[in-house]
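Next up is a structure, given as structure tokens.
All chains are identified by letter, namely A, B, C and D, in their written order; residue positions are counted from 1 within each chain.
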């Protein structure tokens, strides 16, 4: 069994969902996403048993392009993250009534398909195709099923699309250039290239544009807050939980090993930008009145730290980045789901109109609280492991990076606690707040279980990703 | 066997927590209290097991290695516990006092609708505190460190309907996190220098002269960072302002977390890492100075506070300052000694004040109390003993521990001794001021309150009595000249710390200290018993008293220096930077659109113009290709 | 060769059918006939033949492009059936003209003699003048026809002058002979001047900047189906002819000429896309979009390897997307005077299938993967990088980014606005053409080699 | 024939044709009457025809002259279509001034 089975499940699952009709769509989507998750686990088992799940077929002979996948521990980890989160996200949306649900869930699965594809591709061309494909569904999800004023939404979503596409096209140019050098776009053959520093600089820069916009790294983040705010929660979760990780993953898989010289020479610039993002995102988050926007800026801060870890080029940094990517994926989905739960009941995202929810629903408050403290990296949660490794790797580069990047610990607590206080605490809200349903709480339970389990016992993930990351570090250090 | 008991020790409170969270509502209040208390008691009993084992075999600390936790390139962090003299000692009073306070809470919190939550949080706190103390490396300590911070946050904001309480909780968490960052950076430096975060490895590294001399700068920096962490948790200058605010929480919380256990974590950590601090004498000096300054600053604020718990809070800050003074002087075991005695009498005082507040249905302002001595005899007498102890009256526990600190200070640095002594005199004054205002004179509250005055039930008074006894006799564990504590802790320290001999200087100093305490008491007596003064209303406060009452305006200063600029910055970023970035991206689109709009003018519909453009285009191509 | 004859006969037959009252049969017969011709054309795929003293040359290039033209014509004729429903009396004329257009197109890609080329281009042009002005009561149509006619004649004059100069310098119209002469002896400067004038005339036909001004006006004014014909069919025919002219006549690569082409291509990409941003009329917008695609296709002249393949793939992708696009546009704007974007409001809800086709076509033209337009751009840019024209690649990328802006205007209208009026039900034939376009679009995206390797 | 061509020189024929061509082109550019524009275009085409014949003679090759017939036929067809369009315009607007045709722009 090779990894294409997951892609097939998701792609045909998307079609099946569409043809299942509006009523059945979400059930079918859930089954499909669950199936893809099970298949991912099967791939994981196969990987642990030492059996390769790669595939390679010739696709286009002229120019030389393959349908190829490389399923190492890193790819499997990301694949598991994607399929698990897709399942959770689909499940979390069960209480929502979408118009044209069949289209909606088909797009969700299609997006998942594209993201899995991005993570497993071993041919740059295939990778790029998946990378771009992932953009289309989220564009429609945000546009058609989004909330807020239509004109404002159009402005924000189109900006998001064109902006990210613009970045990606420069990446495509870089790949084309690499192809002209290597005669193939298979990742292993690209790794063999010996590029001059000048060439690497431009390639690194082109990649950076694509990834910095996608991740996003300060100051390329301007699409983020509005898009998150205006997308439906499912879209926001997909974007923040998985799609951001595509950028970070690509930094690790493509950007650093392909242009190691440039990475080493200009490392500090990117570290500084990433760390500015950490502080800047946190500070901007302090004064947000919109819950989803606040979470968006917190996301900016968190991914800034992850990116900084990746740009340290050290094993600790990369490992911390991957761990934190996974942890952040779950946390951010949990946070946005909390926002969604509130929005379902109070019909607002404005923090000023919330408050006093804890009295009305203590169960929800507790679960929200756990996810929140996980997001501020409390030890014992998964996020702490990632944050610890990341900050340690930053320290090894320069103590000031660790200190300034570490302010996220403080500022994160500031805005998160403030948010929690204004949203949940205080006198009871005048508006009624229906108790959290079993279905909703199950989502939280799963997320919390993941966060706590891996917070205490991250070894399985660690063992999974470390060999792959060691290989990548070796590639980075090959010059 | 040992491993299992250690796990029981750690997990018992956690199970208590789980029980209270999931079944607390259904189980009923009695069962909640029972399970909560019993789980801590189990831990206490387990600790006793280790204590006896350790006494039998002092050189063999128990190490419980569970599993590999965080892996880094150069080292791994294991999930493992270390039960040596220091941790067992700490565990003893954490779980011991914890049990008493749980017991106390059964009655104290009985009327609260969320009693199960309260016990859950309290159990969780004990769990994290045990982790903090028992961890065999700095990262496990850090789990506990942040965990107790979280519980502190939850418990301070326990009455979450009141946003002021929530503010206080938030403030506590955030100020702690500032310290935590310091601690974290300290961890990184230690890991970088010693290649591990395990206490054992670090301590071995610390005695490796080669390693140390190569990294002396970094080690000092590490010590500084760790100390910054300690200032957060243990409420020292400059991060002490959260502790007085933290009194928003229920009183048992103040007793357990904000007096006896959590706030001593900083001292624990410094003692734990003493080998590192020993290598950085300049940082030790700094610690001593900060400690002394905190002691006197907090004491002076305590002089004029009217909220009974605020007085105790500032007293705690001040006493913690004294402990840091001891640490800074390198007298770790003396600091530990004071931690223990302080835990006894301060817990007793807080619980006593809780008893008073309970009797007055939530009244905390001492101006509205008075004359409670007759109505609440047990509360009065237990508190009196503790007050005498904290004031350093012979032969109660506080006398011995405080005296040791001042003695050490006198031997190494006279100005520090003077500062410490002033703080002690002030302590005696404000504690007796508290006692006089609360228990003597006439009752100044409403008739309604007066009608309901009563002594607290046995569940409340029993812990008071136990703690009062401990506060009275606690000094026995480290008498000058024959210190059991020093002997017990000796395996921890490579260079032996001998207890001070009782020479003439020592006796003289004891006398001076006692006289000082008596002077403080005397002033309080003359002011509040003889003249029957009652502190004036807030608005009438004048001069320096007003400055003191407003805590030197430190909160306001922090507001101006840190909080407001941060808010302004956030505002500025949001309203200008964000807009600028956004508009920059839009600008590309706008430019293209603007060109498009202008271009429409060219597309004017006139065939003549089109042909002209055609000809010009053709001509320029031909000219370029054939004439240039 | 026989292809051309067969097509002409078919054209005449369609006209005759009118006499025998066979109107209803015209479209089916024409389509079946063309399918037969298509099969006949493809069958000797690897043929390399000369006819009538080299007047016609049949090679892979001509066969491949002729087949493509035939396919496009079939689709256009299918659309005619519905489009001219209101004026059934003229259907034979319009079908016949389309078939004659095809004859001209085939001549333009299989010429072996400049006379044949000239005839082909004139057949094509004159047929288009007629089509453009075919709504004779509509002033806009008249204006479009007139503008196209005037400028087209002017361009024809230039082309003719260019042919004359080439003839003057070499003494023959035969392309093979010209090629041999140009490689063996030296000859006057006229030759190059002639060649450049030919090039300029053809640049006008493909609507490259700065010879593009006619295109938006004519596209807007002409009847919808004619616009479709001009923008998809005529553009790629002209481009193929230009490509063939340059490759067989230009003796050696000239840096200056390449640079000229680069400038023209870059300007076309940029001007086309930027101007399209502010258009509100779909046809006009598509005209500007076509200008930018002309720029892209023009860049194939710069590359040395696989250039014919790239052009063929690009042309196919563009034509397929364009036809599907117009199938939807024709339906949506059926009863409207102006083809504004508002006409698409709410299409996503009322006709999800058509909206999907439209979206796919637009995304394909914008170059979003898995659709064929992406591969077309990828192949092109890939070869451009190999040919060291990185500057043009960057400009192409920027142009692509801009293009997304206006393609999305239509998508936004379809999915975020709600329609004010009821649209009539979808004519079967439009849906068929649209879906066919979509299938081919995705199909050649999934298996690009099928098209890309055709020309070897 | 040959002698005349040699006597006059092919260059002069080319100049003449180019001049005629340019005159025609300028005519198209400057005049706004559609009929006159048609005539100008005819001048352009005929200039080319002239040149073709000259080259044909130069090369002693009949092809060029044959080509002229093609070109004349094509020109006739073009003008026929053009006039038809013009008639249609005249019916609609009552004018043949090309400057009236500015509805399509922008």
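To be clear about the criterion, a residue touches a chain if its C-beta (ideal position, glycine included) is under 8 Å from a C-beta of that chain, and two chains touch if they have at least 3 such contacts.
Just so it is clear, the structure is predicted and the values come from calculations on it, not from any experiment.
Could you tell me which chain's Cα centre is nearest to the average position of every protein Cα atom shown?
A
In terms of C-beta pairs in contact, which of A-C and C-D ranks higher?
Higher C-beta contact count between the two pairs: C-D.
Nearest whole angstrom, what separates the Cα centre of subunit A from the Cα centre of subunit C?
Going by mean C-alpha positions, subunit A sits 43 Å from subunit C.
Take the average of all CA coordinates in subunit A, do the same for subunit D, and state the distance between these two points in whole angstrom.
66
From the mean C-alpha coordinate of subunit C to that of subunit D, what's the distance rounded to whole Å?
Spacing between the chain centres: roughly 27 Å.
Taking each chain's centre as the mean of its CA atoms, how far is subunit B from subunit C in angstrom?
Centres of subunit B and subunit C (C-alpha means) sit 78 Å apart.
Where in subunit C do residues touch two or more of the other chains?
146-147, 150, 154, 216-217, 405 - these are the residues of subunit C that touch more than one other chain.
Mind pulling the subunit B residues that touch 2 or more other chains?
589, 600, 603, 605, 607, 611
Among the residues of subunit A, pick out those that touch two or more other chains and give their numbers.
162, in rising order.
By the document's touch rule, what are all the touching chain pairs in this structure?
A-B, A-C, B-C, B-D, C-D
Flag every residue of subunit B that touches subunit D in the complex, lowest number first.
Spelled out, the residues of subunit B in touch with subunit D are 600, 603-608, 611-612, 615.
Sort out for me which residues of subunit C touch subunit B in the complex.
146-147, 150-151, 154-155, 158, 189, 192-193, 196-197, 200, 204, 210-211, 213-214, 216-217, 256-257, 260, 271, 274-278, 402, 405
What does subunit D use to touch subunit B in their complex?
Interface residues on the subunit D side: 25, 28-30, 32, 98-99, 101-106.
Of all residues in subunit C, which touch subunit A in the complex?
Checking each residue of subunit C against subunit A gives 306, 309, 348-349, 352, 363, 368-370, 374, 378-379, 381-382, 385-386, 390, 393-394, 397, 400-401, 404-405, 408, 412, 415-417, 448-449, 452-453.
Considering only the defined contacts, which subunit A positions touch subunit B in the complex?
For this pair, the touching residues of subunit A are 159, 162-163, 219, 221-223, 225, 280, 283-288, 314-316, 319, 356, 358-359, 362, 366, 373, 378-380, 384-385, 388-389, 391-392, 395-396, 399, 402-403, 406-407, 409-410, 413-414, 417-418, 421, 425-428, 456-459, 462, 466.
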